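Here you go, one structure.
So that you can tell them apart, the chains are marked A, B, C, D, E and F in the order they are listed, and the count of residues begins at 1 in each.
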Amino acid sequence: MKQVKKIEIIADSLEINKILAKLEANGVTGYTVIKDVIGKGERGVRGGDGLSDVLKNSLIITVCEPGQVKAISEAVQPELKKFGGVCLISDAQWLDH
Amino acid sequence: MEGNLVLQNFLNPTILFFFLGALAKIVKSDLEIPQPIPKFLSLYLLMAIGFKGGVELHSSGISGDVILSLGVAVFMAFVVPVYSFYILRRKFGIADSAAIAATYGSISAVTFITATSFLGRLDISYGGHLVAAMALMESPAIIVGVLLYRYHNKDSDDESGNSWKEILREAFLNGSVFLIMGSLVIGFVTGEDGAKTLTPFTNEIFKGMLAFFLLDMGIVAAKRLEVLKSGGLFIISFAIILPLFNALAGIGIAHLIGMTVGDALLFSILCASGSYIAVPAAIRLTIPEANPSFYIPMALGITFPFNIILGLPLYLWIIELLWS
Amino acid sequence: MEGNLVLQNFLNPTILFFFLGALAKIVKSDLEIPQPIPKFLSLYLLMAIGFKGGVELHSSGISGDVILSLGVAVFMAFVVPVYSFYILRRKFGIADSAAIAATYGSISAVTFITATSFLGRLDISYGGHLVAAMALMESPAIIVGVLLYRYHNKDSDDESGNSWKEILREAFLNGSVFLIMGSLVIGFVTGEDGAKTLTPFTNEIFKGMLAFFLLDMGIVAAKRLEVLKSGGLFIISFAIILPLFNALAGIGIAHLIGMTVGDALLFSILCASGSYIAVPAAIRLTIPEANPSFYIPMALGITFPFNIILGLPLYLWIIELLWS
Amino acid sequence: MKQVKKIEIIADSLEINKILAKLEANGVTGYTVIKDVIGKGERGVRGGDGLSDVLKNSLIITVCEPGQVKAISEAVQPELKKFGGVCLISDAQWLDH
Amino acid sequence: MEGNLVLQNFLNPTILFFFLGALAKIVKSDLEIPQPIPKFLSLYLLMAIGFKGGVELHSSGISGDVILSLGVAVFMAFVVPVYSFYILRRKFGIADSAAIAATYGSISAVTFITATSFLGRLDISYGGHLVAAMALMESPAIIVGVLLYRYHNKDSDDESGNSWKEILREAFLNGSVFLIMGSLVIGFVTGEDGAKTLTPFTNEIFKGMLAFFLLDMGIVAAKRLEVLKSGGLFIISFAIILPLFNALAGIGIAHLIGMTVGDALLFSILCASGSYIAVPAAIRLTIPEANPSFYIPMALGITFPFNIILGLPLYLWIIELLWS
Amino acid sequence: MKQVKKIEIIADSLEINKILAKLEANGVTGYTVIKDVIGKGERGVRGGDGLSDVLKNSLIITVCEPGQVKAISEAVQPELKKFGGVCLISDAQWLDH
């Protein structure tokens, strides 16, 4: 088992590809995406629009070394500032395999 | 205007399914059309209308008249968002004005489709090239909206914005625009012959699929309208007056270049309608500062029902007055 | 009863697709109809059957006979859950008894639709108002079930329960009830004229969509049946005897008020069938203590196949005996 | 970065609106919902019904101040007791933006 | 070979929708057909083609000729993966060779369906038992692939592998195989009579549904092709030469046993096509070491378009030469 | 509130039933599954195939006693080694109900 950091990013679905590109540019080699989640925050309800593809979120999970957290957060921060969203960092243990 | 025509238009099953959907929301029924069923229906509608338009364009051929119509269609798609922006600026910020202007400069395919059904019921013919006009009118307003926004918002942090390459791709290659355009070309290339085998799919079940989709649109429109309540009277009246104005402009141009009654009605409804499928996605990406609780509900919750119920008979009445 | 009729009924493609689905589950094939495809098909079926019923009601008109039929339909929807509850109480707790009673008091639209196909194959006509009867019979049983549950469960913590406003909304405005009722009204309002354009969608592809939906129902029914295995013989026999009893009651009333053969068959199948789409959602919310592994598999895994394969020819045989 | 609490609630999909209303009544201003998750617990399998909309769960994530945890837990507890489900609380860091 | 035939084949709307999808991906449009719409369309196609085949088999009856055709079909399904494996081993590892061999030993239902449309346009008839041949050819190659893999990979950790029971279930009971086989049986059992009511669903809207599905296949094929770019020329040429070789083998056998022109074309396309729906899931589970970025894109991105555009007219040309 | 361990497993969707069986064989009585998530890792992109059902992941969440972690990790490790995937363990508090 290895001590790692789990970063969870909730952001507008339309921004996901941009954010993933930024993560990869900052050394992220693995991630998982849950598409079409809904939510509410400072920018109001994002409950899906039903017709167009706007107003919904995706949830990105990426597990990384503690040393990578700083670079990653700085990379996604401006994106979240502009389009809204959440970035959470927590501790976890990674089962080697 | 015959009130009869309004009633008759209102009492056709596709329109009634729209109201059934709205009613479901109003009485708080849990009726819901989950994704991606609405997406399936809307892709179907775009594919079918594009293909049918292409086949008709194939039979009619591309005459000078057709090219003229397409020309004025593109012209209106550039002009409408410009004047709309300056009207909107009196009440809205730069971002919201640009977003709403783009919305109304672009078109609503379902409004157009409903208008063709309306003409069908009245046995008024129209040209297949109007579908091409619709496809051409979807994108320019997005470009104009972004241009207006950037021009008036110079001090904003330009680097974080999308590149023009991305904006053009959003405008011209977003899914709806691409599908209708592509289906139109396929219909045009294959003509009557190719169309025969697709007819049961693209034509016969079309009205039913439209009714099903309108059921969902009713639900979504009523939901959006709730959001708008807070927005006040200005927004609501604007969402009726602007399309009226645009329809009149369209009718004027149609008269000028001598369109037929059917073509004129479709052209006026293209001018009058606002986009709530293609434009919102493009605007979210290119003008993220604009508030989607303005531009979506206006086009979907007010302008759409206004156009399909009162707009269609009203515009036709005016056209028949002028043409006779 | 002609064994021939049973076989002929069994060997029609829609019924066979139900068994194909069940077989898939039994042999552990990974065949699966992922959501929301089943939802799409079921919304389509409700919309089409409601609309067709409305159109037929339009042509036939609302006579005294029609009103009488609707009256007894509502009457049965109130009475069935009451006596079912007291029978069930001998083996089940209060919550489960109320839930199963509500299930069997309500109706299954797909059973009804299969019955109309069955009549169609035998060229026996029926009245469009039976669709209205079906729509009216969906809700009352939910109310009765909750009433019975609350009456016998007085000591329970009342505050945590749902308000009557919510229960009524669940009963009368849940998606299926609302859609079939609304489509019926639209069909009634627009009549033959409005129907013409929707026919390819609502009528022609109907049987195929039904076959597709039954394929999924077979898969789900077989899955549910597995859960039931543990429940033992009582549940299984109850899920056959109760519908039989209800069908006979329905046939008796139909005879009394002089329904035609076709109408009587449909009415008896409405009484005999149990709900596995609308009622479960309502019951989960209003009687959360009831165990869904009883009421869903009984109605779906046993009663539904029993009714569509043996029930239909059996009830028709009895009706033809009595009527001749 | 700010130290926050992450509350994850897994509950019957039919109960989600009620739970969200309770959260909002207790000062929650932001949440994210993942619809249509399946699971197994004391009340058996919730694997979706395929026909009706019953027997499936949703997962709510809400990030809040440590001080809000008590009120929120007390608000959702009776609901979970009655209809089943899980409420998990863990530590995380919130990236300011 | 008439170049005309190639062009005419290319210019029919269903094929064009495939290219529209591919173009969408190439020009980076965001056009997307979200799941489960493609699943819906593919289940529909399997159900419809199976049912239609069964009905035709019912009318033609199961003659000695039919049984002979089915026999050679199964024979080819066993032989093709064996020789393909040994060719592939010259460039690929054991796991990848076995996976690609299984892919090409099995068949592509959509290629087959496109071939029947192609024959339909040219008014060339074919036997319904070819659908049965298709269904029978789906599974054996999976078994052969796993056998080859295990035989050549003896030292691998056997315990962690799947049991033969699971492998057989994957091969013979995976969803696509089960649905087409079951629908075939239902069609066969019910015959013309039962078919009548399903025709609007299974036949009339069929081409349109196929066009819609091909639109999605075009998008996915173009996406897969991007992955392959890195794989180099060998993979691409192999994905063209192997099907060509298999088609010729099929044509030879068809000539030997005296099939009609239509049957020979369908048989050759079954031999030539590779599976990208049923086999990948089976192979992922049974040969997890194989790299899906080889076997999926080869069959879908190269062989599929090659077969439907150039293969069909080419194979027909050869057949007509030999048969005349 | 009870101190528990949250185990999150991301694995190929086709393997999920096998993994759930292993979990149950090791004393797990409750779990939640989010189907159809996509991701990227050492074995490349799993973004869904669009036609076949391959190349997508599912996310399993199971909450257990700290003492159960070892058995569970050992049970899923060989599966993850063979087919890829991630297993994360973290601390959480479980709201009694």
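Methods note: a residue touches a chain if its C-beta (ideal position, glycine included) is under 8 Å from a C-beta of that chain, and two chains touch if they have at least 3 such contacts.
If you're wondering where the values come from, they're calculated on a predicted model, not measured in any experiment.
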Number of steps on the shortest touching-chain route linking subunit C and subunit F: 2
Fraction-based call for subunit D against subunit A, same above half, different below: different
Relative to subunit E, chain with the most remote C-alpha centre: D
Cα-centroid distance, subunit B relative to subunit E, in whole angstrom: 41
Subunit D-subunit F separation of Cα centroids, rounded to whole Å: 20
Euclidean distance of C-alpha centroids - subunit C vs subunit D, Å: 35
Touching two or more other chains - residue numbers and ranges from subunit D: 34, 36, 90-91
Subunit E residues counted as touching two or more neighbouring chains: 33, 35-36, 40, 200, 204-205, 281
All touching chain pairs, where touch follows the definition stated at the start: A-B, A-D, A-F, B-C, B-E, C-D, C-E, D-F, E-F
Residues on subunit A engaged by subunit B in the complex (per definition of touch): 12, 14, 36, 44, 48-55, 78, 82-83
Subunit B-facing residues of subunit C, complex: 35-36, 39-40, 43-44, 47, 51, 169, 173-175, 178-179, 182-183, 186-187, 189-190, 194-195, 197-198, 200-202, 204-205, 281
Complex contacts: residues of subunit C adjacent to subunit D: 33, 35, 38, 42, 160, 216-217, 219-220, 223, 276-278, 280-281, 284-285, 288, 292-293, 296, 300
Touching residues (chain side subunit F, partner subunit A) in the complex: 8, 10, 34, 36-42, 57, 59, 73, 76-77, 80-81, 85-91
Subunit B residues touching subunit C - in the complex, by the definition given at the top: 11-13, 16-17, 20, 23-24, 27-37, 40, 117, 200, 204-205, 207-209, 211-212, 215
